[in-house]
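Order as written gives the chain letters A, B, C and D; numbering starts at 1 within each chain.
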Amino acid sequence: MLRIAVLGCGRIGRMHAENIARHPRAALAGVYDTYNPAAVEVSEKLGVPRFESAETVFASTAVDAVLIATSTATHVDYIEQAVAAGKPILCEKPIDLSLDRVNVCAARIADTRLPIMLGFVRRFDAGHAAVRRAIADGTLGELHQIVITSRDPGMAPDAYIEVSGGIFRDMTIHDFDMARFMLGEEVTEVTATGARLVDPALMERCNDYDTVTVVLKTASGKQAVIVNSRRAVYGYDQRVEAFGSGGMAISENRRMNNMQLYGADFTAQGAVLQNFFIDRYAEAFAAEIDAFVDAVETGTPVAVGFEDGRLALLLAEAAIRSVAEGRSVRTSELG
Amino acid sequence: MLRIAVLGCGRIGRMHAENIARHPRAALAGVYDTYNPAAVEVSEKLGVPRFESAETVFASTAVDAVLIATSTATHVDYIEQAVAAGKPILCEKPIDLSLDRVNVCAARIADTRLPIMLGFVRRFDAGHAAVRRAIADGTLGELHQIVITSRDPGMAPDAYIEVSGGIFRDMTIHDFDMARFMLGEEVTEVTATGARLVDPALMERCNDYDTVTVVLKTASGKQAVIVNSRRAVYGYDQRVEAFGSGGMAISENRRMNNMQLYGADFTAQGAVLQNFFIDRYAEAFAAEIDAFVDAVETGTPVAVGFEDGRLALLLAEAAIRSVAEGRSVRTSELG
Amino acid sequence: MLRIAVLGCGRIGRMHAENIARHPRAALAGVYDTYNPAAVEVSEKLGVPRFESAETVFASTAVDAVLIATSTATHVDYIEQAVAAGKPILCEKPIDLSLDRVNVCAARIADTRLPIMLGFVRRFDAGHAAVRRAIADGTLGELHQIVITSRDPGMAPDAYIEVSGGIFRDMTIHDFDMARFMLGEEVTEVTATGARLVDPALMERCNDYDTVTVVLKTASGKQAVIVNSRRAVYGYDQRVEAFGSGGMAISENRRMNNMQLYGADFTAQGAVLQNFFIDRYAEAFAAEIDAFVDAVETGTPVAVGFEDGRLALLLAEAAIRSVAEGRSVRTSELG
Amino acid sequence: MLRIAVLGCGRIGRMHAENIARHPRAALAGVYDTYNPAAVEVSEKLGVPRFESAETVFASTAVDAVLIATSTATHVDYIEQAVAAGKPILCEKPIDLSLDRVNVCAARIADTRLPIMLGFVRRFDAGHAAVRRAIADGTLGELHQIVITSRDPGMAPDAYIEVSGGIFRDMTIHDFDMARFMLGEEVTEVTATGARLVDPALMERCNDYDTVTVVLKTASGKQAVIVNSRRAVYGYDQRVEAFGSGGMAISENRRMNNMQLYGADFTAQGAVLQNFFIDRYAEAFAAEIDAFVDAVETGTPVAVGFEDGRLALLLAEAAIRSVAEGRSVRTSELG
C-alpha cells in the first residue's frame, strides 16, 4: 500500500482524498489544509489523520508520497520541499503562473529521480486516451491535424478571473497539454486570436479574453487548433478530434444520461452535458491516481511530468505574446 | 431502352412516371388514368403520350412493360391482362385485399415466365438493404431476432381507413414483407396483439386496431417482432434491427436535415424525421425502378415476386385471425 | 447515519458494501458470509466488523438495517428474520424462484410497516429513470407502447443456468419489473415465445430458452415488448423505448468510452458497450443505496417494494406457462 | 416557365441541366459545350436543342436565362456577354482565379440590375442552411465562433491541382463563402497556416499546400476557423459548427445509408460518407436552381451575388499572403 497524504482540502483535494482512500493499492495517510475546518471535515469523514502543517507532512515517516492540491502560488515551494524530503509528488496544474519561477524550480530539482507527476487529468479520460491510442498504434496513419474544442459551462466569479493569470494560463493550459499529448511532437509555432464576447467589461478590466482560438504548428507541419470559450450555455464542451492519413478519431462529449427524446418538433434530443469538471472527469481523476500509484510502485516514468507542466505554460506565454503582438510566435523565442 | 407505361396517375403513379423518365435505360411510354385530367397533367409535364384506356396500353406495340399504380381493386385484373398481353409488370402493393382472389389470380398466371414484380419499396431503401446484406453475407452470423418498428406520422382520413382492409392488410403488410426479406426463411407462426389507443371510436366502428404488435416465428426458431402505430407525433418512424450470433445491424430513421442543436436544456437535438413516405423512400422508389429494368433486361428473377405479395397478405390474414381468436396462428392453417 | 450490515460478500455484496461505506448518510455496520474468507477480505479492506452468523446480524443493536445479497434460496428466511428483528431490508432480486413460497412469505410479513425494498437496480439507471420521468410528467402524452431490449453479453456457466430457474425467472424478471415500472398500470396478459438458438443442447437439457420475446398487455390496451437473448457478441445490450401520443423516449446503451472512429470503410464507430452489469449499472447501484437510505430516514415508501418483487415473479410464471401451452396467459389465472 | 440554357456539359453542367429539366417552373432551353460530343449526348438524352456557340445562346430569344458551367477562365467573358444580352445568370464558382480580373468585371457590370447568382451550392444544403437559420432567428443568441471542417475524399489529379490556383482559391473558397454566410458580418483579418502532408512533392512543385487551417476575424471579434485537408480516407468531410451565447448548432456529415453495425469489437458503426460532391450536395444543387428561378421570377435579390464571389476570392488572396508572409493579413490591405 502506497501511503499518500493530501495537501489542500478544497473540492479537488477532497475528491482526490476519496479516490486514494478507495484505491486498492493506496491508503490515505492523512490530510492538511491551511484552513483547518476543511481538513477536520475530510479527516473525520474518511477516518484519517489530520496534519498540523505542510512541514509535518513532508517529515512524516507514515507518508510515502504527497498529492499537492493547494493554491497555485504554493505549488513550487511544496514541490521543492517534497523533493528535499524524498517524497514522490502528484501536483495539480498549473505548476505556477510564472514561467520564470517554474524555470528556476526546474533547475533546482533537476537532479532528482523522484516521480513528479502533473495533474493534467484530461489525459486520463477514457475517450481522449482512446484517441491518443488510435494515434500511437497507427490506426490513424500519419497524424495531420488536431482540433480541440474546450468550452466552460460558465464564467468563474470575477474575483477568480482577476487572479487566474488569464485564459491562456488558466484554461487553455489544459488544451495546450492535450495538444502536446496528441501531437507526439513539440510545438514550434503558436498563433492565437482573442476576443471579448462573453463579458467584455470584465475582460477589458483584466486585459484578458473569453473567446479564443489558437493554432499550433510542429516542425513537421502538423496542426492543432484549440477553440475556447468561457461560457457555453449547453454545458461543459470537451471534445478532441485527431485526423490523419489513415482516418479520424473523435472523443465526444458526455451527457448526464443516455436518454434520447422525440417530440413533435425534434428527434433524438439528448440530455444536458455533464456540467461540472469533477463529474465530467470523475473516472479520469480516479485513473490519474491509479497511474501515479503504478508509476511509484513500479518505478516507471510518470505519465505526465514536471516538464510537461512547464511546456504547457510556455505555450500559454507564447499565446499571450501572439495576441499582444498580432503575429505568430515561435516557441524558441521563449527558450 | 425499356419503354414502360404507367397506369394510374395519382401521387404514386406520377412519382413512378418521373423516375422512369429520368432512368438512363428506360423511357416513359405513356400514362393512363381513369380520371383523365390527372393523366393529361402528367403527360403534358413529362411530354409523353396519354392512353385512352388500360386496354390500349396492353395492346400497344410501343409499350414494353407496365407499371400498375391504380386503385387496389383493379390490380388483379390488370395483372391478368398484362400477362395475357405478354408485358412484364411492376405492380404496387398490395395485390388485393382478398387472399382468395389473389390465390385465384396466382393459379391463372401460374404458367407465365414474365417478370412480375411487386412494389415492396422498402426492400430498396439503402439502410434496410444494408441490413439484409449484413445478414446474407454472414456479418451477423446466424440470424436470431428481427425487430421492425414502423409507425405512421398520422392517421389517414377516416374514409381511407374504412376501406383500407384494416391495419394488417394496409400497413403491417409492408412489415410482413420486410420480416420475410430479413428472415430468409418462411414464417410458420403468427401472434398478434391489437389495441385502440389513437382513435378508439373510429377503430371500434371499423373493427380495426391502430396500435399493434406482432411476433412471427420460423421453423428454426427465429423471431421477428413488428411494432406498429398509426400515429407518431415525431414523424414517420421506420427502423429495422437484425440480431444474430455475430452482431447486430440497425437501419435508423432519416431526418429532414443533418443539423444538431444544443441549447441550455438539451444537446444534439435532431431535426424532424422525413415525414412523407414518398420523401422518406424517394431513393428507394428510384432503386425499385432500376431493379425492375435490370430484371427485365437481363432476364434475371425479379427482386420481389407475386408470391412475395401473396405471402405478405397471408401473414396479414393470420394476424387478423390471431387477434380475433386470442391465440397463435400457424400459417399452415391458411394454406 | 444509517448503520447497514451486508449479508453476502460475493461480488454484488462487496460492491454494495463499498457503496454503503462511501455514502454520506450511511455507515457500513459490518459484513457476513457463510464462506468466512470472503467476509474477512471485505471486512479488512473496508475496516468494518465481521459477523459470525446471520442471527448475530439481526440481533445486533449496532445494526439499523440489512442488505441481503446472499444466495436466492436464503432470501425469504432472512427477510422473515429481519422483519421479526425490526430491521429495514434492502434485498437483492429475485425474492425466490417459487411464487408459492413468495406468496407464503408475503402473508407472513403482511402486517409489517418496515421498509422492505427490492433490488431492481435498473430502475435507478439515469437513462431508464429519465424515460420513466418523461412518462410520468406527461412529456410523452398517453403511453401506448414500451419496447425493452435486454441481451446478456454471454452465457453464464452451465452450472449457473441449470439452477437459475430458467430465463424468465432469472433474466427476464428484470425486464418484467422494468415494464411494470414504465407502464404505470398492471399487466393483464402475457404472451411469450421461446427459442433455443444460442446453446440448443444446454437449453434442451434444462427445458429452457436462450432467445425469447414477450408481449405484455394492460387492461387499457398498452403494450410492452421484451426482446431477450442470452448472448450478444457486441456486449450488454440494455435499451428501453417508451412511445406515447406525445412522443418517444429511448434510453440508449452505454459504451466503454466516447470515442468515435472513422476509417476507410466506416464512420463514427463507437467503442464496445459497458459489458459487465456491475460496471453498466455502477451509478444505478449507488443510487439504489441512496434511495434506500432516504426511504428509511424519511419514512417515505420504498421505491421498489416486496409486492413489486412478487409481481415480477408472477409475470415470469405467466410467461413460462404461455410458452408451454402456446397461448396468451391472463395474469388473473395465477392469482 | 423560365427557359434556361446551360453552357458547359461536363459532369456539373449535365447535372444542372437535369435539375432544370425536372424543375416545375423551369424548362431547359438547350445546351452548349466547346466539346461538341458532350453537348450532343446531353441534348439527346434530355430531348433539348444543342447550341452551336455561346454567342447563339446569348442571342436566342428562346433563352430567358443562362447557367454558366464552363471552365473557370471563360466565366468572366460569359458573364459580361450575358449581361450585355440581358440574360439573368447563374454562374459556377469561382468567378475567376484573378482578383484583379474579377474587380475589372465588377466595374464593367456595376450598372446592371440583372440577377447574377454565384453557385456556392453549400449554402443550399439543408443542414448548413438550418445552422444559418438558427443564427439568423436568434436561436443561438449572439454568434461567437464558427468551425468549418472541410476535407476532400482524395487528391484531384496532378494536372488539375497544377492549374487549380492553389488550395485557397480552389477548395477553401467554398469555406470562405460558408464563413461569410454564417458570420453575417464581414471578415477583417485572415490568418492562415499551410502544410504539405498529403503529397509533399506535388505541393512543393506547385508551391501549394494540402493541409491548411485558417482563422478569420470580424470587426466585432467573431472568430471562424476553417480546417481543410485534400484527402480524408473516410470520405468527403463536410461539417459546420456555429457557437453563440444561446447555444450551438452543428451540421453533420451525410452517409451512404443509415445502417449502424455492432460487432464483437465495436458498436454503432456507420456507413461511409457520401463521397462524391455531386451526391453529397445533390439536393442542394436542386435547391440552388430553385432559388435562382425564384429570384428571377419574383425579382427578389439572388441568394448569392457576384460580390459574394468576389469577396470569397479576396479572402483566398488574403490567406495566400498570410501563409507567405507568416502574419495576419487585414482584408483592407487587399482593397
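FYI, a residue touches a chain if its C-beta (ideal position, glycine included) is under 8 Å from a C-beta of that chain, and two chains touch if they have at least 3 such contacts.
Fair warning: this is a prediction, and the values are worked out from it, not measured in the lab.
Interface comparison, A-B versus A-D: the higher number of contacting C-beta pairs is recorded for A-D. The interface in B-D, A-B or B-C that matches C-D, meaning over half of the contact pairs are the same by residue number, belongs to A-B. Subunit A and subunit D have Cα centroids separated by 41 Å.
Chain centres here are Cα averages; for subunit A and subunit B they lie 57 Å apart.
Residues of subunit B found to touch two or more other chains are 233-234, 246-248, 253, 261-264, 268, 271. Under the stated contact rule, the graph of chain-to-chain touches is complete, every pair of chains being in contact. Of all residues in subunit C, those touching subunit D in their complex are 232-235, 253, 255, 261-273.
In the complex of the two chains, the subunit D residues touching subunit B come out as 18, 22, 24, 45, 47, 125-127, 129-131, 134, 139, 246-254, 256-264, 268, 271.
Residues 141-142, 144-145, 147, 149, 151, 191, 193, 195-198, 211, 213, 215, 217, 220-223, 225, 227, 229, 231-234, 237, 243, 245-248, 326-328 of subunit C are the ones that touch subunit B when the two sit in their complex.
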